[in-house]
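What follows is a set of structures for review.
Here come two complexes built around chain A, the first alongside chain B, the second alongside chain C.
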Partner chain A sequence: MGPHYFNLAILFFTGIILLLIIFILAIMYIRNRRGGKFQKWKLMASLLVRKAIFFDNEQDEQRKAIPVTTRLQKLLSDNQHFRKILTDELTNAKKNVSGTSADNLKQLYMQLNLHHFAIAKLKSYKWYVKAQAIQELAVMDMKEHIAKIYRFTNNANELVRMEAQIAVVKLYGFEGLRFLDVVTYPITEWQQIRLLHELAQVPAENFNGMESWLRSQNKSVITFALKLARTYHRFEIYSEIIACLQDEDAGVRLQAIETLGELYDDDTSDILISRYLLEDLRQQIAIVKVLKNIATERDIPVLLDQLNSDNAELKLMVARALANIGTKGLEALHHHRQACEYPLDRIITQIESEVAV
Partner chain B sequence: MSWQSVITDFFTYAILSYSVLLLLCYVFIGTYSIGETNNYLHKNSFTDYRVLAGSTEAPTVSILAPAYNEAANIIENVRSLLSIHYNNMEVIIINDGSKDDSLDKLIAAYDLFKADFFVNQQIATKNVRGVYKSRNNVYRKLIVVDKDNGGKADALNVGVNIARNDLIVCIDVDCILEQDALLKLAKPFLESPHQRVIATGGVIRIANSCEIEGGRLIKVNLPKDFLPRVQTLEYIRAFLLGRMAWSRLNGLLLISGAFGAFDKEIVIRCGGYDHNTVGEDMELVVRMRRYMEERNEPYKVAFIPDPLCWTEAPASFKILGRQRNRWTRGTIETLKFHKVMFFNPKYGLLGMISYPYWFFFEFMAPIVEFVGFTGFLIFSLFGLINWSFFLTLLAFIFSFGFLYSVFAILMEVLTYHQYKRQKDIMMLVLTAFLEPIIFHPFVVWAAIKGNIDLLRKKNSWGEMTRQGLSQKKTN
Partner chain C sequence: MRILIAEDDDLMRKTLEFRLKRDGHQVIVTHDGREALEKIAEHLPDLVITDIMMPYSSGLEIIGAVRQNYTQKIPIIILSGMGQEDVVLEAFTLGADDYITKPFSPNELSVRVRRFAFTGAA
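Showing the complex of A and B:
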């Protein structure tokens, strides 16, 4: 390989370096220039949003529409950057207000035909554009477009699907959860947390379908339904929750155990104890954690047996459960044959100090 | 053809082939990382981390921060950790037999008492002298452990034994975390239904010259001194390009010891941190991956490109040399411990791509570079190759290195844009130009010394004296 090849490569690299540096400088220049303009537009958008929030429909009855200057309307139709800034301002404001102010913001959104742009974006081939449009329509309370959004709740793209699921819940509350009947893709734990958060903002009305979700082929639907059951104290599906203890999926069984920690009756401890030996360590620890809160004096012998486990973490949990039963549990702990041996002696010391606190 | 020219040709072509292969790897890494970063940024724009912060369903986290002779700043550092935005967490400070008054200071500042605490020795460690908790309910999340000195790995293992939560986050106690750092690090553990996320790493950035107030980063500045500045560039390149590309491939072998989250159950099943290596952070990730591969359990090591953690970079050649020497030894030790995976198809991508890449282009690169440079210099001196060829070759390598750095700067500007002033970006470009002349030869030399030290069985950590971050005075 001759040096001229290297010289060519060096020239090529140098050329690209120069181009990249020019590109970097250009980006920074454009950003700086745009910065001032965008700031001005943001202020204009924010003033309009503020005007809409405080718009008094009754006082301005003859006007009905929220007054928008011609300059602003022109800017809106000509400039997509301004449109984005205004849409962001509107959606951010809408998230933080309710009642008439929220209605006014929705009115302004429709008056400016911004929903048409969002609906057009639903057809985009870029997933993030689509997902953003779904989010926007949901925040702006565009119930009339639910059918378009709903069909994305089982979309192959994870982000589109997630935003659509959140959107239907935002728009229709618990009724929106009907997508759980058909969703075939897994609902990640992160999405479950988001859905629970969204549901916490709306009244628990039209909350049906739990029984079928607990029998879903989609395991993540079952785990989510179990979380819903314990969050909303759905005692009436207690027997279905018990049935989940037999599920082949370890994650479902774990959720069922944790749910029984919130929804229990007199038989729960017996049922959990009967499952105990069939389970893996993780589920066993979860069972003992639940027993800590629901076990009674009649469970002491069973719990004492579990103190013979080789696993120190499990021992600690069992000892805690016994101590939580009361004086009889603590006495039983002290009389265990390993009570003076390591590690149980140390565990008992810790438990006693916890009880003292 | 004389035997000298045969040797020269062989040497030249061997070094050239290696260099071209390495450059191609960099080109691949650079381009492959773009998609991952782009995807993350789009995805992140939909994420409201406050949802996770307030959720009772969020994973529980134990922050483990080993401390050795950190009395000067320990109170502030702990306060900073306690102020992190996360609901279900505990902060475990492990005083690794400090010779100073770190523990006394902590006891006084946080009203600590020695608690009766059963330490479950799931991983064997040095003796734990005591576990302290606070009487003040405000500090209920704080646990301080006092133990015999055993090094960072041993201290972290004690933390793992004591941690009650599902995720452990290992952190250098003097790091400055972003307020939402923990939320961002915890999220990947909730997102992967088909693969178990066993670890997540975040981007470490250089905090030298930045403004810090009350343990929080107030203003990001580009380091004024050359050495921290060049490391800033190095970190941008490594985190924004390298690790993002490896993350996309699911082939990450390293999560920085300064800040990373791990699945506690897998850590314990793997036996915790290995205190026989100075590269315990990399070794643990490799062992966890190996463990999962051997059990055929689907898994993932995730990476977050957001700047989550800010740390002080060595500002003197002496300290920097010790750090790089240690990193080299850590890499070699890790590769040696897990040599069974080398081109072993049983370990999939880990054995066929990640491990060989680290062997050939992380461990071997400084050696090849040193041997190549010395060899060409000798050949030129003896007239076996002409000087112009030698200089052209140097210019070729130099220009590519510069190009790769400028590309990294561009990615930084396009994504996180931490350094807003044009002057700072130009200073970074200038630093990128100077790096191969001033900084890189030193790093190569430190790596060679690391190799020699390992052969001599030197296994010291190497004292890391810090200057201290600039703290803005508060009234």
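Showing the complex of A and C:
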């Protein structure tokens, strides 16, 4: 290869490098400009939101419109990026303030017709757009659109369904739980925790439907209803909870047992003991855990029989239940034929130290 | 009153700053726990308003550090989310003086701050 070709190659690669540098600089310039524009919009949105938070509407019965410049209104109708920035700022602020300030934010949201955009997004084919719109409407307290949101509480998409269920509870508290009448998809453990958390923020009013939820075809609805019964001490549905002990689903039976640990009656220990031998180990442990709190001296013989189990966890639970009955339970534990053998001897030492504490 | 705000959320921080300045207070704003501790040492504020969840040092760490390192009583108000009862209890154990649950009304915050202005540590 002669020097002529070598020079040409150098020239070619230099050109490529120069082109690359120009390309990178151009990208950086565009990104900077865009970033600057976004920063400016964010500031404008933030200022408007703050203006709304402190807008003095308290003295007026007829609410005044929050002043918004025509430039901002135009930007809002023409530019979807700015609309998104403003909506995000509004929803974020709404989550953090209450009282008149929160009312003002809702007013601004409606005044700018942002709820119409959210409702349009509910028709999107993209699940995440739908889910975000549902969340937005709930945060902005759009009770008037409950019917549109309610429709999604049994949506095939899990995340849309979850957001809709949370939204109806956020908007209507316990009354919102009526979606449990119709939901056919399972309510996951995580979603149940979220719903209970949401319900903890609102007063327990209009809390109806428990009986029918406990008879639902959807096993997760029964499980959730049992958790609700336990959390909100619904003693009046005691017999329905007892009926759940016969359910074919092991998860439902486990929840029913745990619920009876909170809502018990004179006959609860007898009922649980009658179920004991029919159950699997997991449910048996749960029964013994409940018996720890509700068993009386007349249950000592039954509990002593269970000490013969090969399962160490069950053995420990039974020993705890016996000790919790009182002196007679502890005495019975000491007189058991395996009391001096491993592992019961260790278990008894452990239980005695717990009792001493 | 010289008030230090420790809040990582931009909008909330600006909202608090605006409201407290309007009430005539001198406001020092910080974006995270570490900056808050530095500014507390620098300015010795009359009141600290801190969020619980923040980068670097949490609101609880701020309370602990203030109570441990300063002999003078600096009242502390914490901003907590709904359902954070355990955190609120821990904050009181560490020495917080008051708490406000989000969402909160800026008017309520203003009244609570005024209480500290009148009584020192309420």
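Here is the rule we go by: the second predicted complex is superposed on the first by the 312 of 357 C-alpha atoms of A that agree within 3 Å, B and C clash if a C-alpha of one lies under 4 Å from a C-alpha of the other, contacts with A are read in each partner's own complex, and residues count from 1 in each chain.
In this text, contacts are C-beta pairs under 8 Å (C-beta built on N, C-alpha and C of every residue); 3 or more make two chains touch, one makes a residue touch a chain.
What you see is a predicted model; the values in this text were computed from it and never measured.
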{"item": "Contacts of A:74 with chain B and chain C, given as first, second, both or neither", "value": "neither"}
{"item": "First, second, both or neither for A:28, with chain B first and chain C second", "value": "first"}
{"item": "Partner chain(s) touched by A:9 [first = chain B, second = chain C, both, neither]", "value": "first"}
{"item": "First (chain B), second (chain C), both or neither touched by A:188", "value": "first"}
{"item": "Which superposed partner A:197 touches (first chain B, second chain C, both, neither)", "value": "both"}
{"item": "Partner chain in contact with A:50 - chain B first, chain C second, else both or neither", "value": "second"}
{"item": "Dominant toucher of chain A (residue count), chain B or chain C", "value": "B"}
{"item": "Partner chain in contact with A:40 - chain B first, chain C second, else both or neither", "value": "neither"}
{"item": "First (chain B), second (chain C), both or neither touched by A:334", "value": "neither"}
{"item": "Shared chain A surface residues [contacts with chain B and with chain C]", "value": "197"}
{"item": "Residue ranges of chain A in contact with chain C within the complex", "value": "46, 49-50, 53-54, 89, 92-102, 197, 200-201"}
{"item": "Residue numbers on chain A that touch chain B, as the complex places them", "value": "1, 3, 6-7, 9-10, 13-14, 16-17, 20-21, 23-25, 27-28, 32, 127-128, 131-132, 135, 159, 162-163, 186, 188-190, 192-194, 196-197, 220, 227, 282, 312-313, 316, 343, 346-347, 349-350, 352-353"}
{"item": "Residues of chain C touching chain A in the complex", "value": "9-12, 14-15, 18-19, 22, 82-83, 102-108"}
{"item": "In the complex, chain B residues that touch chain A", "value": "16, 42-43, 45-46, 51-52, 54-55, 57-58, 115-118, 120-122, 187, 190-194, 265, 388-389, 392-393, 395-396, 399-400, 402-403, 406-407, 409-410, 413-414, 422, 425, 429"}
